[in-house]
Amino acid sequence: MSLLAILQSFLLIAGALMFCIGSLGLIRFPDTYTRIHALTKADNLGLGLIVLALILNVESVALALKLLLIWGLVMIASALSGHLVAWEADEQCIPLCQPGETERHLESEDE
Amino acid sequence: MNSLYSVTLVILLISLLMGVFRIWRGPRMADRIMAAQLTGSTGVAVLLIFAELQNQPAARDTALVLALLAMLVAIAFVGRVWGFSQEKKDS
Amino acid sequence: MSSYLIFAYGGVGLCGIGVFGFILHTHLLRRLIAFNLLGSGTFLILVGLSQSGRGEADYIPQALVLTGIVVAVAATALALVLIRRWAALTQHATLPEDQGPS
Amino acid sequence: MNELIDLTLVCILLGLASLSLFTQSLFRAVMFFILLGLILALVWIRLDAPDIALAEAAIGAGITGILLLDALAHLRATSNTPPQLRQLKQPRFWLALISGAGVILLLALAISEPLAPAVALDLQVSENLTNSGVTHPITAILLNFRSYDTLLEVAVLVLAALVAVTLRQSDEHPVVNEYLPNPLLHACLKLFFPMIFLVSMYLLWAGAAQPGGAFQAGAVLAAAFVLFYLVGLKTQLAQNDIYLKGGWIFGLALFVLVGSMPLLYGQPFLTYPDSQAGIFILLIELGLTLSIGWILFSMFLLSQSSPLQKKDSP
């Protein structure tokens, strides 16, 4: 196994695990504001590591640029939607989670 | 190499399932939208892996389209659904 | 079992769920979702079945399904226009025969 | 390993379908349905159908999701029907269960024995591909071998838009476009609009040789128009009936016009001369892309013009 392949497998697994950690954060964090944090980290770093791994064995520069473009677009999109959610949540005065409070005390909003 | 891609895929699919759980659980609509955004990005990653695994270059184009349109749902939600339901609550 | 056939059976499942939901629900938006599930299931069966016999990509059903998807989204949009007009006129999102004796 | 991934995808697909139908909240149902579109795009790639995956990604993640979310916001003001699953004793439930199970049983029986195709259509396609003007088989089928189908399909789309416009309410309820006053959103969208248009044109151009084409490009274009509208940018063009309807007819008219050009040389309708078929197809596809994008967008717009008016006395 060459050094390149080892690096690539490390990046791939790390990226996928980053996505997992992001989803885990989305499940474990107590309120809307903290969950935004989990969302954007997973998008940026998870997809970024996977794209880096894939770039290592592309055959043309154009393909590498396309992969980087996809990464950049996802990054902007997730940052933007995170910002929009935070902005609107602030506008509507959604309360922050107090210490000791778990999310179970919140009733579902849309039922 | 292929088995490595498969392992990555399995981890990504697990992450996707966790996103589905958050959409199911809520509790706020904003949490559901954020979970949908995360599953969208996971979908982009899965498509990129598929492109390598199946030697299907067009999967990258699909990922590009998905990346471009992923935020549409969030914008529509913030602009339409959320404000609307708040209005209803106030009245 | 080839992977094409697995997806064809998945399409069968989608069709069944779609029909079940379409009859069970009275809310028109849910019926529209069920209708779309039925459509997606049909598309999956069409492509999956024809490819499982050949073992490779079959372009003719794919072209058919591509047309079908675009027509399906136009139908969905038209249905939403109708549903919203109906809701604006009657203040209900269900059909009169489903509204019960009240 | 491959079968395992396929099975997992099918399980997620069926799970999401059930969730989107049987969850109690309508908003959740719509979210699951949007997610189902995403999973379907993955499934189409697994099925070696990247053309359909492209269309599904553009339509499932873009247009359908927004249409449903927007309708949902308006329908919230209607009388809320009670959750359906509590009425399990109703005859409706048993009818639905029997029908659903019957459909699954019949279809599973039907596909358990594969049918041998009577005509080897795929051989005919690959034999004639060199004369079609494009190298991608699906584009050749849609715009050369079976162009009648595509022509009539666009006619169906125009028809749907015409029905929608007759349902439009009178001008006393002008379209109120809520405006999102967020500076970051507008800055980002200035970057995204040209990108979406560029990708749309790329898909159109790529359709000649690789997956892509008028339908996918049109769906992406429609998403761009909707995005334009959602952030409150100028849509004066869409308020004017001449531009609105002209945009629908444009693709169809161009198709008929280009298709009837061979008539001048004594050739049948919609047969392109082999040497110039590529240019003919590109021209038609450009018209189709613009028209499909415009029709899908105006369907969204027309559903907007039916605001829920609160009656004082029911």
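Just so it is clear, A, B, C and D label the chains in written order, and each chain counts residues from 1 on its own.
What we mean here is this: a residue touches a chain if its C-beta (ideal position, glycine included) is under 8 Å from a C-beta of that chain, and two chains touch if they have at least 3 such contacts.
Just so it is clear, the model here is predicted, and its values are computed rather than measured.
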Check: interface with higher C-beta contact count, A-D vs C-D, is C-D
Chain-centre distance (mean CA atoms) for chain A and chain D, in whole Å, is 28
Whole-angstrom distance, CA centroid of chain A to CA centroid of chain C, is 32
Rounded to the nearest Å, the gap separating the Cα centres of chain C and chain D is 13
The distance between the C-alpha centres of chain B and chain C, rounded to whole Å, is 22
Shared-interface residues of chain C (touching two or more other chains) are none
Multi-chain contacts in chain D, i.e. residues touching at least two other chains, fall at 2, 9, 26-28, 46, 48, 51, 72, 74, 77, 180, 185, 192, 195
Touching at least 2 other chains, the residues of chain A are 73, 80, 84, 87, 108, 110
Listing every touching pair of chains gives A-B, A-D, B-D, C-D
As the complex stands, chain D meets chain A at residues 24-28, 180, 182, 184-185, 188, 191-192, 195
Per the touch rule, the chain C residues reaching chain D in their complex are 1, 3-10, 12-27, 29-30, 32-34, 36-37, 40, 43-45, 47-54, 56-60, 62-63, 65-67, 69-71, 73-78, 80-85, 87-88, 91-94
Note: in the complex, chain B contacts chain D through residues 3, 6, 9-10, 13, 16-17, 20, 23-24, 26, 29, 32-33, 36, 39-40, 43, 46-47, 50, 54, 56-59, 61-62, 64-66, 68-73, 75-81, 83-85, 88
Per the touch rule above, chain A residues touching chain B in the complex are 5, 8-9, 12-13, 15-17, 19-20, 22-24, 26-27, 32, 35-36, 38-39, 42-43, 46-47, 50-51, 54, 57, 63, 66-67, 69-70, 73-74, 77-78, 80-82, 84-85, 87-89, 92, 94, 103, 106-110
In their shared complex, chain A is touched by residues of chain B numbered 1, 4-5, 7-8, 11-12, 14-16, 18-19, 21-22, 25-31, 33-35, 37-38, 41-42, 44-45, 48-49, 52, 60, 63-64, 67-68, 70-71, 74-75, 78, 82-83, 85-86
